[in-house]
Amino acid sequence: MHTWRLLVLPILFLLFMWSWGHTSKEPIKIGAILSITGPASFIGEPEKNTILMLAEQVNKGGGINGRPLEVIIEDSKSEETQAVISAKKLIEKDKVVAIIGPSTTGESMAIIPIVTQAKIPMISLAAGTSITEPVSERYWIFKTAQYDRSAVEAIYKYMQKRGIKKVGILTITTGFGDQGRKALLELAPKFGITIVADERYKPKDSDMTVQLLKAKNAGAEAIINWSVGPEQIIVTKNWHALKMGIPLFQSHGWGSKRNLQLAGPAAEGVIAPLGRIVVWDKLPDKHPQKKILKEFEESYLARYKSEPGTFGGHAYDAFMMVVEALKKVGPDPAKIRDYIENNIKNWPGISGIFNMSPKDHCGLDASSFEMVIVKKGDWEILP
Amino acid sequence: MELFLQYFFSGLTVGAIYALIALSFNIIYNTTSILNLAQGEFVVLGGLVMWFFLEKLKLPYGTSFLLSLSIGGLVGLAMERLTIRPVLKTADPLLLILITIAFSILLRGVLMFLFGKEPYGYPPLSEGEPIVLWGAVLQRQVIWIFIFVILIMIFLYVFFNQTMFGRAMKACAIDRVSAKLMGIKTTQMVMVSFILSGIFASLAGILITPITFVEYDKGPLLTIKGFTSAILGGLGSNWGVMAGGFLLGILESLTAGYIHSGLKDVLALLILLTMLLFKPAGLFQTAEQARLRKL
Amino acid sequence: MKKLFHNYYFSTLLFYLTILLLGFIIKDPYVITILIFAGLNALSALGLSLLMGLAGQISLGQNGFYGLGAYLSAIFALNYQIPVSLAVLLSALISSFLAIFLAIPALRLRGHYLAVATLGFGEIVYLLLNEWGPGGPSGFGNIPKLSIGGLVLEDPLSYLVLTWTIFCLFFLLLQNLSRSTFGKTLHALHSSEVALRTLGINILSLKLKIFIFSAFLTALSGALYAHFITFLSPANFSVFYSVLLLMMVMLGGIHTLWGAPLGALFITLLPEVLRPFKEYDVLIYGFILTISLIFFRKGIFQALEKGIKYVLSFRS
């Protein structure tokens, strides 16, 4: 009587086989694995938008030497398991020649063995140092996000100038916050800075007053908060409400106008190391990055009515490197890898000016950040 | 002392949020013995819809408030009609709970499509600097939440004890078959409880957004915290679940303050689990009461 | 023919061979990887199915055991150079030993209280992995691959065989068990605890054994996961995993052990099928889950069984 219920499983399987066997051959294929949903979706979303927009632009402009470019974007749901499955799918089923992403360090680490074995170049969009180091073991891996330690160095240098010696740090217990925390702890002695409080909070926590107060009572002369998303706004509001009288520093994930809108007057005086995409209109005209920053920001704003932010910039750089390599050496994974390693020199991108080499698969340093303070609801570059 | 007070206030802020959600858990549970694990999504819905009316359509605060509440109620109604009603008679409670989880995934997807992944916020009910009490600060919105928690408690008390309809709903929870034999339309009662719970969860969302902001995937955490508070306080008793919410919030805050902020959730959970072992029917009701509520 | 289907040795063998054959025919590492994850999920779900279906207990803390199994095994192999296959076994045993400390107090609780106690346990493990696990929230890698007697299981196909072989062995064992006196006592536990107690049966020890065994299976699956993926971070061991397992068991069918593998296959395959829908997959996923829960009220297995009986009744 209920036999038709039986059909569900075979149909499911047939659909699965269909989606597996369904491939065409014409265009050049590259893959992207992004955290479009899940806890890291605030990173994956602008990355996805950027890649979609750029791929369209490339194809409108005639594609890659006459062949259309197809970017297959997979959602890793911010999980390592899904990232692994996506990588396998892109490599085995879609036969992509290069992979952009994943968005987070954990996911990147999880698929490194897979791409290395398959000999496909991968340009990660995450910041973790271990993604490209040691370079000898990361032959096929590059990344376009600055090292966390570069952001930390930028903050510490600024503190040194201001004579701040005791610091309380607040970090979120995600990969992003944890990488920041490790860099903060590791680099502090080098700049003569003591970490007097090491406080943490969980994603989606609603109040960080306690952590801030503890840091202050431990004698901190400044607070550094390392997180992205709503939590950093809550920290800012709590900091403001407590009238703490010590400056608040945020990570390089602070660079979104939305944060300023949501935090309102509470954000006044917050300092952060930000990529130049955030302050492109305040750069001098002769700055080598200014032209592409302006183009990117304006076309993204026009299309998505929001800002690409730092994370969109990482995707832009990775995508442009792959496209340039494809145009120069064609769809051959090994040649693409060699091109990126050897020919990306003094290459102005969104996140900074890249200098790839066999010894450095990231090519960015602390000079790619500007120290930026919030003044009257807008950014202002600190000297 | 000042420090303790500030930790305490921080705990009250978080606890008030948990208490609101725990209360809306209780409304459905009290009439149907179903745990609606999509509750957190309803909270998020309330906050996001409120933002839509208030900031996007620029409607007045009061109008937006009422509109958001009614949308919460409508989605609650839709959920009951489409997912609970078809299986209510035959399914065991566990299946019903899982259906609410599946529905929460669906609702989360819908919210993601409508609002994207960014956090949203809007101004609190009354603007101004936070209140300073004995040297510790308390956000004004938290006071509003206290007021609403008390109002909800009064409403629930009056509704379930003084009105015919409310008593019928209560009867439904205690013994559905007998209630039916007495001529109570039990299915209608279930429907009303979902609408009410949708409204109260939206109310929670509207109230907490100025403090914590909302984004589409905040729901599961709110559900877990609300669920934990509700059970620890003693599911079924309104006073119990409210107290459970505040207790959880304050415990978290004090452990973060005096022990270690990285371990705050672990310790709060451990303490509460230990308490649960000694009082297995929840902290604020006796085993007898729990049995009467038909666990 | 009818009899053959009711012989569980035969049907398990048939199922086992079908899965392996699929892997060997398709040969695509992507499909094989998914089938491996499905097998690992099936093994975890089997533990929960045992607990829920047979003993009538609920657990929302399976993610804790899954995480413990994975982390312990990885740490043993990485930091203490214990041979991987031994590390896997050891971690599963230690995890099930730890389960005793949760089970003794928790199993006195019932219904929602048991649910929240186990949920709390899972959360605690997850939070501790964040705090004290190697690498903290960012996780750690370079976990050695599984090797058996000097043979490293590098090829996904060999891992596929391993995963499903382990699953089917435990599956047969449990099917045997559920038909024994022990199993029948357990079934009785599901229907009436009071009746059992009057017969002088120690219910707590009965529940305890089941709980520990279920923890063992889930931890084993976690350990196998660790050495397959070679990178671990706490994100994979949150309460969502427990909820997913609950879905699998419920959707597959709670009253039969077959619910575990069928539910696991369904839940693991579904997102892959939905891949072509890109963005909309979350929506469709939620929709299909809701509908199928309402639809297969008694689980996929029963629907299948009815169907097979129906087809066979034509033949005879």
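For the reader, a short list of remarks on this structure follows.
Note that the chains are named A, B and C in the order they appear, and that numbering of residues resets to 1 at the start of each chain.
Operating definition for what follows: contacts are C-beta pairs under 8 Å (C-beta built on N, C-alpha and C of every residue); 3 or more make two chains touch, one makes a residue touch a chain.
This is a predicted model, so every value here is computed, not measured.
Taking each chain's centre as the mean of its C-alpha atoms, the one that lies farthest from the centre of chain B is A. Annotation: B-C is the more contact-rich of the chain pairs A-B and B-C, by number of C-beta pairs in contact. One inter-chain figure worth recording: chain A and chain B are separated by 35 Å, centre to centre, where each centre is the mean of the chain's CA atoms. One inter-chain figure worth recording: chain B and chain C are separated by 32 Å, centre to centre, where each centre is the mean of the chain's CA atoms. Within chain C, the positions touching two or more other chains are listed as 127, 130-131, 279, 282. Shared interface positions of chain A, i.e. residues touching 2 or more other chains, are given as 37, 39, 173, 202. Multi-chain contact residues, meaning those touching two or more other chains, occur in chain B at positions 112, 262, 265. Within the complex formed with chain A, the residues of chain B that make contact are 3, 6-7, 9-10, 13-14, 17, 112, 116-121, 130, 137, 139, 208, 211-213, 215, 217-218, 221, 253, 256-257, 261-262, 265.
Chain C contributes residues 52, 58, 105, 108-113, 115-117, 119-121, 123-124, 127-128, 130-131, 239-240, 243, 246-247, 250, 254, 279, 282-283, 285-287, 289-290, 293-294, 297 to its touches with chain B in the complex. Interface residues of chain A, counted against chain C in their complex, comprise 1-3, 5-6, 8-9, 12-13, 15-16, 19-20, 22, 36-37, 39, 73-75, 78-82, 84-85, 88-89, 91-93, 105-106, 109-110, 112-113, 128, 130, 173-175, 177-179, 181-182, 202. Every residue of chain B that touches chain C in the complex is listed here, in rising order: 35, 83, 86-87, 90-91, 94-95, 98-99, 101-110, 112-113, 220, 224, 227-228, 231-232, 235, 262-263, 265-266, 269-270, 272-273, 276-277, 280-282, 295. The touching residues of chain C, counted against chain A in their complex, run 26, 28-31, 33-34, 37, 127, 130-131, 135-139, 141, 229-233, 235-236, 262, 266, 269-273, 275-276, 278-279, 281-282, 292, 295-296, 300, 303-304, 306-308, 310-311.
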